[in-house]
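Next, two complexes with chain A in common: one pairs it with chain B, the other with chain C.
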Partner chain A sequence: MSRWVLGEFRTPERMVAAARALRASGFLRLEAHTPYPVEDVDAVLGLSGSRLPLLALLAGVGGAAGAYVVQWFTQAVDWPLNVGGRPLHSGPAFIPITFESAVLAAAGAIFLGVIVACGLPRVTHPFLDLEAFRSASIDGFWLAVAVDGSEGVDAAEGALRQLGAAVVLAVEGRR
Partner chain B sequence: MSEPLPLAPVTADPLVVHPLLEERRPDAQLGEALLRPVLTAPGMGWWALVGVCAALTVLLAVAITITFVTGVGVWGNNIPVAWAFGIINFVWWIGIGHAGTLISAILLLFGMKWRSSVNRMAEAMTLFALVCAALFPLLHLGRPWKFYYLVPYPSSLRMWPQFRSPLTWDVVAITTYLTVSVLFWYLGLLPDLATARDTAKQPWRRRVWGLLSLGWRGSARHWRHWRTGYLLLAGLATPLVVSVHTIVSFDFAVSQLPGWHSTIFPPYFVAGAIFSGLAMVLSLLIPARRALHLHAVVTQAHLDALARLLLVSGLFVAYGYVQEHFFGWYSGNPYEMHAMNILRTGPYAPAFWTVFACNVLVPQLFWSARLRTQPVVLWCAALLVNVGMWLERFIIIVSPLSEDFLPASWRHYAPTWVDLSLLSGTVGLFGLGFLLFLRFLPPVPISEVKELQHELEASEAFAHDVSAREGGAR
Partner chain C sequence: MTAAVLTRLTAGRRVVWGSAAVGSLGLLATLLGGWAAPREAAHGYLFAFAYWLSLSLGALIMLAAFHAARARWPTVLRRSLEIMAASCPLFALLFVPVALAMPHLFPWVALPSSLSGHDLQLLAHKQPYLNVPFFLGRALLYFAVWGAVGVLLFRWSVRQDAEPGITERAVRITLYQRRLASGALPLMVLCLSFASLDWLMSLEPLWQSTVYALTVGCGAVVGALSAVALTAALARGAGQFGALMGPAHFLRLGTLLLGFICLWAYCGFSQFLLVWIASLPEEVTWYRARLDGGWLAVAVALAVGHFGVPFFLLLLRRVKQHAGALAAVGAWLLLMRALDVYWLVWPALSPGMATFHWTSATAWAGVGGWTVAAWVLLARGGYMVPVRDPFLPHSLRVPRS
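And then the complex of A and B:
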């Protein structure tokens, strides 16, 4: 069972300022929920860059290599069909399929990578049960502070109120 | 003033004639306005259009059934014109898809803000156009239930597809393009599906959109991965879109036929694809903007930008025509010259000069800034370009085939009612898909428009601040 205290702010600027203040006062396990991506929030929350580009590169190279090997094996090794004396291992003719397969593999990896890295699909979540939290995808800028025990809840609630949160809620549930 | 002022984008720029957003609204109201098409009951107009498109889709099903039961002999194809409608429609539809990817991916990489309001509709258009396109090669196979022969799988026949042939390249290009377009579209939809889930009142809507949004909560971690992934997919889709129509053009350019065997084909096809797709975007966007009251987010700035793109890509296409005919003449080869002459003065002259009027002359209207923002003029021009681009594919495919090297084997082509039903049927299927999309999914990207509004407000506030400081210093 995990516990969070949620606070809603009316503008992204106020939310970022509040996140900065919370981190300065020792609340390090913070998360922001916003209707659109907010500048600076990654830096304030101390999030590092996404590693998806590396995944995309590896998948792309893998896709290209796989496609080239399949073409070479089928045309030059397993079924060597002589068409007008042209070379069996005809590299230039294999380029289009190699390129397309690289794109296909990389795109599939990126999509699955985003889904997995975000912890989706996850249709139930303790936050999604809250009626007030619906504004997180509409016009509310929420901060979620992960806390331990009831004294943690009280401290976080106090801090969020002091920073000007319009709504403050405590939530309990499975992470 | 002693300290240097930072450079800021000033939206009160006298050079900006049309704003990207006509009005500013609180985020909640903006989101609700953009979701109104999916949250309210559709009007009579929607039902009437669905009726027409559904009827055409039934016609498509009938034509497909007749083709399957009897065989491709019910089409007008003959020898030597063995390709005809099956390939014309394929090239036309797949080209239309390209503008959706241009708007959603290429303009994202170039940081063009105006794409935000129109990219969802353009991407939906791409998807439905690709579905229509993919149908034709399958039907054209003659025995479509054996399409899996095109996939390299270890079979008891001990045969493999011939990967030196552009036709197998096509298969991979189209499946990749369709898959990447679906992934890109769905990834872009995720945040808006969550907004729809949270805005809806009825439990069943919340449940359906809740499932489709996969539990999106808009956390900073979500957005970080989402933005990276979205940008990467755009980066991949950009070379992909160029490669797809290049490969389609290889179907022609790699052959030996006079009129097809030309190095101008790949760039000429890509330009034509984007040109025809932009025309289709305008044909769909202008009525949708009016019917869904999207004037505040799809403004004259968007029409202006699309009209400029239509003009530029039209000029590329015109250059392609000039080069094609120049190559034919400069080759000195009687067969090449003949292939071009029959377009200008032979049996295909009426079609060729119609193409010239629709694709070269009509876009020249948009040198005028006033005409670029006239929805009616733009819409009519876009429809003419659609017709022109279809006819262009017709003459590219039919005329070199019908009169090639040996006059004894020349034969002309006329479509049958089944051919015409397949073409109009796919138009119906395309329209039906687009209408259902407008009804069930947010047609304008909500989170992107909110972000854009916030950016514009921030830069205006900054500009205001700067000018106030300047005024104080003087």
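And then the complex of A and C:
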């Protein structure tokens, strides 16, 4: 079971200011839920960099190497085939497939990586049971503070109220 | 944003005189070198001419494409493209030495004795297109088209600056720019395409490639975008356009650069692959001239330096968003552009043997000096951004992602 305390703010500026204040007072596991992208919030939340670029690079290099090796092995080693007198190992002719495989592997890795990183195919989340949280996709700017134990809930609730949250809710559930 | 915040560019008189002096000295040295070694000097001059003209034309094409696409974000950096594009008429003047040196450059003008009877027959067959009067007439047409569009787009933009605000007239000028640019874009690209065939490909008139012009055109745009990135990073003083550009603008500029690098590599490689795999005697000569005897190192340097390294660098958002980093990539690419044009031109003179003659360097400095002087002269006294463009406020507020 995970616990969160949610706070709703009426403007993006107040939410960003509250997030900054919360981080300063030691609440580090923050998440923002807003109807549209708020520009400064990434920096304030202190999110760690995405690991997707590295995944894409590895998949791309792997795809390229795999495609080249397959072509070389089938054309030059396993079943040597003389095509119009070209060398069996025709490097330039292998490049298009190699490049396309690199792109395909990288794109596929990103596609699947995003799905896994987002926790899909999960279709719901404890927050979505809250009627008030609907405003996160309309006009409310929500901060979620992940906490441990009931004293953590009390501390986070107090902090959010003090920072001017219009609605404060504690949520419990499976992540 | 009001015009009061932005100032007109007043400095730069020294740059104009300095560049013009370097340019004149360079051209004089090339001319003197031409007495001793006319063929070397002619090819060196053509290399320099093609390099600097390609920057100007790449800017013209990109500028017209932005107008045709009704792009709003590049408004803040558009003046730099306009200035580069408006320098086209200068190249009509700089074309005169190319025209005078034609017998030293193009085998179809002064037929070399080494040609076989079959080659002569082929050239005779190409005579209706490749002859001196038609060649010069076409050049005149190209310069007329590029010059008219480049100068008009620049002058309209400057006239718009003089409006007291975003008036009805200012809006109408933007409309005119878009109409002219969209209408003239196909014509200008066709002119660029034919010009690259005339001035570069016909150095070896027995060889042909249909993707050649596209490769040259993509290279031209790469050069122009690199030059914009470099000037934007240098012009970050108060009131200059680089200071108004944020990470979002540099990101988009870098993404465009990445796209055109890929397109350049795609065109260049597909030409190579088709020639390599068909392996026909009349086609491979062009690559034999450019891969044998030391040229292979240049070709590999181009593959790695003009595509490989900048491709991976420009994949990184951090590089694209950072003005200094993008400018460093741009400076590197401008160097690679020179290598690319050199690799296209010089092997026609010394096929299968990588050589260098000092007139290439003097001509490069000569044409470059005059070009830079013209750019700064056009920029002086004016704003560095189109201050009365209705979309400038939008451009200044482009969101980060």
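FYI, the second predicted complex is superposed on the first by the 170 of 175 C-alpha atoms of A that agree within 3 Å, B and C clash if a C-alpha of one lies under 4 Å from a C-alpha of the other, contacts with A are read in each partner's own complex, and residues count from 1 in each chain.
Rule of thumb we're sticking to: a contact is a pair of C-beta atoms (placed from the backbone, for glycine too) under 8 Å apart; a residue touches a chain by one contact, two chains touch by 3 or more.
What you are looking at is a predicted structure, and each value in this text was computed from that prediction instead of being measured.
With the two structures aligned on chain A, chain B clashes with chain C. Among chain B and chain C, the chain that touches a larger number of residues in chain A is B. In the superposition on chain A, A:79 makes contact with chain B only, while chain C stays out of contact range. By the touch criterion stated above, A:61 is placed in contact with neither chain B nor chain C.
Using the contact criterion defined above for the overlaid structures, shared-chain residue A:28 touches neither chain B nor chain C, since it reaches no partner. In the superposed model, A:93 lies in contact with both chain B and chain C.
Applying the stated contact rule after C-alpha superposition, one finds that A:43 touches neither chain B nor chain C.
When both complexes are aligned on chain A by C-alpha atoms, chain A residues 37, 53, 86, 90, 93, 96 touch chain B in the first and chain C in the second.
Contact residues of chain C toward chain A in the complex are 269, 272-273, 276-277, 279, 315-316, 399-401.
Against chain C, in their complex, chain A makes its touches with residues 37, 39, 53, 86, 90, 92-93, 95-96. By the touch rule above, chain A contacts chain B in their complex via residues 12, 31-38, 41-42, 45, 47, 49-50, 52-53, 56, 60, 67, 70-71, 74-75, 78-79, 81, 83, 86, 90, 93-94, 96-97, 99-101, 103-104, 106-108, 110-111, 113-115, 117-118, 120-125, 127-128, 134-139, 144. Those residues of chain B lying in contact with chain A across their complex are 26-28, 31, 152, 158-164, 166, 168-169, 172-173, 175-176, 179-180, 183-184, 186-187, 191, 194-195, 197-199, 210-211, 214-229, 232-233, 236-237, 239-240, 243, 247, 250, 447-448, 450-451, 454.
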